[in-house]
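Reading through the structure tokens given below for one structure.
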Amino acid sequence: MRNPLREVWASGGYVLNGWLHIPSTWSAELMGYAGWHSLTVDMQHGLQSIETAIQMIQVISATSAVPLARVPWNEPSVAMRLLDAGAWGIICPMVNTAQECAAFVGACRYPPSGYRSLGPTRCGLAMGATYAEYVQRANDELIVAAMIETPQALENLEAIASVPSLDMLFVGTGDLRLTLSGTTGRDGDDPQVEAALDRIAQVCAARGLIAGLFTSSIAYAVQAVRRGYRFITIQTDGSILRESAQQIVRDTHKQLGA
Amino acid sequence: MRNPLREVWASGGYVLNGWLHIPSTWSAELMGYAGWHSLTVDMQHGLQSIETAIQMIQVISATSAVPLARVPWNEPSVAMRLLDAGAWGIICPMVNTAQECAAFVGACRYPPSGYRSLGPTRCGLAMGATYAEYVQRANDELIVAAMIETPQALENLEAIASVPSLDMLFVGTGDLRLTLSGTTGRDGDDPQVEAALDRIAQVCAARGLIAGLFTSSIAYAVQAVRRGYRFITIQTDGSILRESAQQIVRDTHKQLGA
Amino acid sequence: MRNPLREVWASGGYVLNGWLHIPSTWSAELMGYAGWHSLTVDMQHGLQSIETAIQMIQVISATSAVPLARVPWNEPSVAMRLLDAGAWGIICPMVNTAQECAAFVGACRYPPSGYRSLGPTRCGLAMGATYAEYVQRANDELIVAAMIETPQALENLEAIASVPSLDMLFVGTGDLRLTLSGTTGRDGDDPQVEAALDRIAQVCAARGLIAGLFTSSIAYAVQAVRRGYRFITIQTDGSILRESAQQIVRDTHKQLGA
Amino acid sequence: MRNPLREVWASGGYVLNGWLHIPSTWSAELMGYAGWHSLTVDMQHGLQSIETAIQMIQVISATSAVPLARVPWNEPSVAMRLLDAGAWGIICPMVNTAQECAAFVGACRYPPSGYRSLGPTRCGLAMGATYAEYVQRANDELIVAAMIETPQALENLEAIASVPSLDMLFVGTGDLRLTLSGTTGRDGDDPQVEAALDRIAQVCAARGLIAGLFTSSIAYAVQAVRRGYRFITIQTDGSILRESAQQIVRDTHKQLGA
Amino acid sequence: MRNPLREVWASGGYVLNGWLHIPSTWSAELMGYAGWHSLTVDMQHGLQSIETAIQMIQVISATSAVPLARVPWNEPSVAMRLLDAGAWGIICPMVNTAQECAAFVGACRYPPSGYRSLGPTRCGLAMGATYAEYVQRANDELIVAAMIETPQALENLEAIASVPSLDMLFVGTGDLRLTLSGTTGRDGDDPQVEAALDRIAQVCAARGLIAGLFTSSIAYAVQAVRRGYRFITIQTDGSILRESAQQIVRDTHKQLGA
Amino acid sequence: MRNPLREVWASGGYVLNGWLHIPSTWSAELMGYAGWHSLTVDMQHGLQSIETAIQMIQVISATSAVPLARVPWNEPSVAMRLLDAGAWGIICPMVNTAQECAAFVGACRYPPSGYRSLGPTRCGLAMGATYAEYVQRANDELIVAAMIETPQALENLEAIASVPSLDMLFVGTGDLRLTLSGTTGRDGDDPQVEAALDRIAQVCAARGLIAGLFTSSIAYAVQAVRRGYRFITIQTDGSILRESAQQIVRDTHKQLGA
């Protein structure tokens, strides 16, 4: 039982992560065939119930992508349920203090590292591990990622990053920008966000954490990897579908002179 | 109560139609915001139950797109249920004879034109029509499209096209090619299909029918409009999502030299 | 294992039947607490998939109402599935000939009376019967009802009514009116329909069949019972909900002078 | 992007609000055709998962009713998810202190007014607004309503009402009565509740807040409007369906002398 | 309105409880026919959304089993929703202090005993009680069970057991073992767990509480009853299905010499 | 792209097949971990909609079991949809004549062997094949099985078995017994069925077809393999769950002397 993402990182690589808002096993499986290293079922801004989220994790297991999930909020029960269902990692939004981070991480780790409740309903089976093996390996293999998306989180960055058993700082670029500068806009054109991203990358590097972020553009994704980010989410399934369909419609009309 | 697609055609325009395989109201609504004139919920090669298909029709009503549906086979009950749910038209696969066409058309028309059963559960409400108005206008406004996708259908083309109350011949390009030449491939490189497409366009023009087709490429869509096709389906939601996501993954890796 | 509706009729009573279009176990259960003798899950003009229809039958079992179902069309597989799921009877639309009636009835009866396939997945359990008991009793207890809703059916009325093992002629008043007189309107104001209703009641009386119908008004329901009808459907869950809600909104505005 | 309910209130009107317990897009859409100004998807005492709640919001968008939602408890994640899905306002039960109120309001407002996370997945699209426009307008247009339903809330009424960015005090009449007088009963016959309702109306009037309440009777709704309440919920979809169906059954039996 | 489980205990009996992880009304109903006194819909380690959990409770009502539910965490809203839906009792995981226990119990009891919100959507109807009767009887009849599964809970055992209106201490044997001894293994072979089980039984006996536990073996269930446990959960639907199917496959191969 | 079942048979082995009635991806996946060579999603006597059936096929792809499906009736559209979704084979009930068999087989084979419509939505992707490869290999790899379950089918046995491109005769033992002898009972105690089974095995052996059957007992499964049957279905998920749970309850009571 070995988390494939840890192997990518161990060999110096970066992870391209797809983001799932559409509550459907079919769109999830299609994304699983698109080449992403991992897929995150987003229960914060996505439209899934926990039951559909679990079904999406089930079908992703049939593809080469590694299923992850974002919890809607720093609530232990949802994180535990998604792990029991076979998620290889959990991303938590709005982690603003070390205390919040510890509460989140604890929900994802079995005792004595945390307070995750024992009930590996699907996860062991889906990972090819026995019950005992899963319980023994889970704390080392599952990925726990705290989102940095407010000025408060930046103030507490080192403390958050120092919480034991945390694996990743994941930047919510949209929220971070809104809270830092009060604006929305294109990735890359806000100096405060840019400065924060550099600092987060440094903090991660110093502590052996993975730095991750969300972006809507390939160019920014490329730049992020070059800045040391190694977990890169690009768009969502929904935005890819809508924008690509829009482009097809526009291009067809344009070529027809309409 | 007026079918918006009839107005497009009345003004000489063509219809760009999206094709829905993903069983989700969210992907359906996103496609509804992408600029398509109409969206076809495909119950033949798509993954929806009738209940989800109906929910997709419900949400499409909230967008500017006109909801249509393809039935899985020439079976009257599914066509009637989709019309009751608010579809503005029905596409039927594998219509190979005039008799089959008449059976299909009859399922979509109230007596005396056909044998559709009376039970406009949602359609009238969703179209802003009273019960009486819906029953009175339905036969004139709803669109009935027979798919031409076999040599047998080509043999019977004029007879099929002559079935009263039929609105459209819709070409299943993939099946037509497989049955005509035994091959799969790119749109446009099979001479038998090309010849058939021209003939179908002529038959439609001669009888005042709309000619429609399915294609996976913008270039072929453009060409089809120039050949007289006025109902053009380009790809499916699923293929758009998968291929666009694949492109994003590939482009990112490429720019990073990976 | 005894069908409660047969006991109502055996004691000379009439059955008030609710009609379910909303695909939800909660609305179904609520209707089960409203006093109806039976509830018909309508898969013709209702919005349920077979799976939801079955779930509705499941929850109706927890109430005092007897679960029935209408199939979308004269197709054997759906009738058999609904019976396997625990429906105590099946109503089939658009039965126009004795041959069609025999095909329908056969789908609902085990050999040698019919050709229903053996697989009583839920029905025995839900009816408190052993497997053997269910198979032995089903042909006698389950109710099979053919809908009369066209001039052709009226022509063949005696023949249809003579099909062995049929229990009920159920009048689709809306369709019958549309096909007889080409109109829609209020129950009771079409002389051809009225004449047909009387004749159907007589044919049923002569052959020991139950006469049933659908109406949207209490007054007509009352009149139907007085004419000998003993299975009376009044409105649908959806129309009750919408019209009652409308009435509440209107009355409130009215009392406020708005 | 303008909340239609604000326009009703701006012109001095009152809002009649329907209440949705049935987890179905079809019952939701039917209620959308019944004339209510708004419909509240109730996730506290209703039976919906978040996913179905979102689908109900989707279909309500196709009707003239304005979709709102009640969260199951004062938990930020559900409020945010429902807003992302296109709810035009959120009602929160059991708000007993100013601190609880501020926590709730903050979850519904973008920074700097609150701490709502940025991810307008559906809401902008459904409201015809660009991403930037939605983010800019949301804090002004969305409605935030705190429920007053305990003696503790009454003690803290002025403080709760003074929380910035709050729009409405909504009275949970059933809970208020149970907690005030320990009884259940008909609206209007409990003096403590009546006194509280007057006081709440006054506090709202003094601070420019909307006063709202839940009632099961038209008479009480009318009275409430006359007392200054401008957001009136009457019954639930489920109670309307069950009681109306019961009435039909009873009336039919009665007219038949049964 | 009388909780059947209270009658079992009043007559000195023990309750055998089934445990539901599969999110399906059919597996739930099948378990309802298997002879269990009660069935617990597990929303902690099971895969159900709240909506499916409610549907499962609905169908269990049609069987002889009493529906209970486990909440995913000590969160009031889920407990209240499950009670509104007709659960006859709630089990809460990870209750470690008297304060946590009081918060949980309060969520399950109407004022003045607790702070459960009034909205008995389904529960009264399903239990054959009027609205007033349900509200009056609920606090006495519904069962509230706190799980003991950590050393901290053992330290606070008497205090937890002394929380007014609590009915049961339910031992999470797997978690208790992991937190006490850091191991997984077979029921019965960990002395610390065994000692804790005896102590919990004594505390329950002394205070008139029911002692309950989860086990995966019949032998341990039998032993538990002999030790005074009167609410015994054996395996889950999922583990029964998988292990029994595995046994069938193995036995067949074995008999065939494969 | 190679059907794993064909490899089992090519090496002289037999296939143990699980049977799925519970409409859930979780029970399906659990059965996928139980050691069955294949799992058949049964849409005849099972409770799945087509959409859930497809989701079950999706998750079975993540296990070692090969997904198959039984269609509810000899209707082409459902067979095609299940194949498009990734079923590796289709079983059709009640095939009574060579003509019916040819209609069924034709629905499962691409032209020129049959009339399956081209639209491999999921199947190619799920089998690791390109679009072209899937279309080329499908006719050879997918398994097509006709059920023999009536005297009429026995009369036409050789003709049915001679239909080109058919792979298997699958005996519906329950229906065959009911139609042959008018009884229900234990497998093995009806001489007419036993004689039929021997004859079917011989006909299969003579024509290179696989002989398959359904049984509820391990002993009969073993015997069937010894008689030459190489596709053996034992019980259903539902019966395994219910009977095993019943056994647990009974054994516990028994050991307790209750």
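For reference, chains read A, B, C, D, E and F in written order, and residue numbers begin at 1 within each chain.
One rule holds in what follows: contacts are C-beta pairs under 8 Å (C-beta built on N, C-alpha and C of every residue); 3 or more make two chains touch, one makes a residue touch a chain.
Given the structure is predicted, the values throughout are model-derived calculations rather than measurements.
Contacts with subunit B and subunit F are shared by A, C. Where the sister copies subunit A and subunit B meet, the same residue numbers recur on both sides for over half of the interface positions.
Compared with subunit F, the chain whose C-alpha mean position is the greatest distance off is D. If you average the CA atoms of subunit A and of subunit D, the two centres end up 34 Å from each other. Computed from the mean C-alpha positions, the centre of subunit B lies at a distance of 41 Å from the centre of subunit D. Our note on geometry: subunit B versus subunit E, Cα centroid distance of 52 Å, whole angstroms.
Subunit F has residues 21, 23, 26, 30, 33, 47, 49-52, 54, 75, 122, 238 in contact with two or more other chains. By the document's touch criterion, interfaces exist between A-B, A-D, A-E, A-F, B-C, B-D, B-F, C-D, C-E, C-F, D-E, E-F.
Subunit A meets subunit E in the complex at residues 49-52, 54, 75-78, 80-81, 84-85, 110-112, 115, 117-119, 121-122, 131-132, 135. By the touch criterion given at the top, residues 21, 23, 44-52, 72-73, 75, 93-94, 149-150, 172, 174-175, 178-179, 182, 184, 236, 238 of subunit E touch subunit A in their complex.
Residues of subunit E that touch subunit F in their complex: 13-14, 16, 18, 21-24, 26-27, 30-31, 33-36, 47, 218-219, 221-222, 225-226, 232, 234-235, 237-238, 240-246, 248-253, 255-256, 258.
Subunit F contributes residues 25-26, 29-30, 33, 54-55, 58-59, 61-62, 122, 125-126 to its touches with subunit A in the complex.
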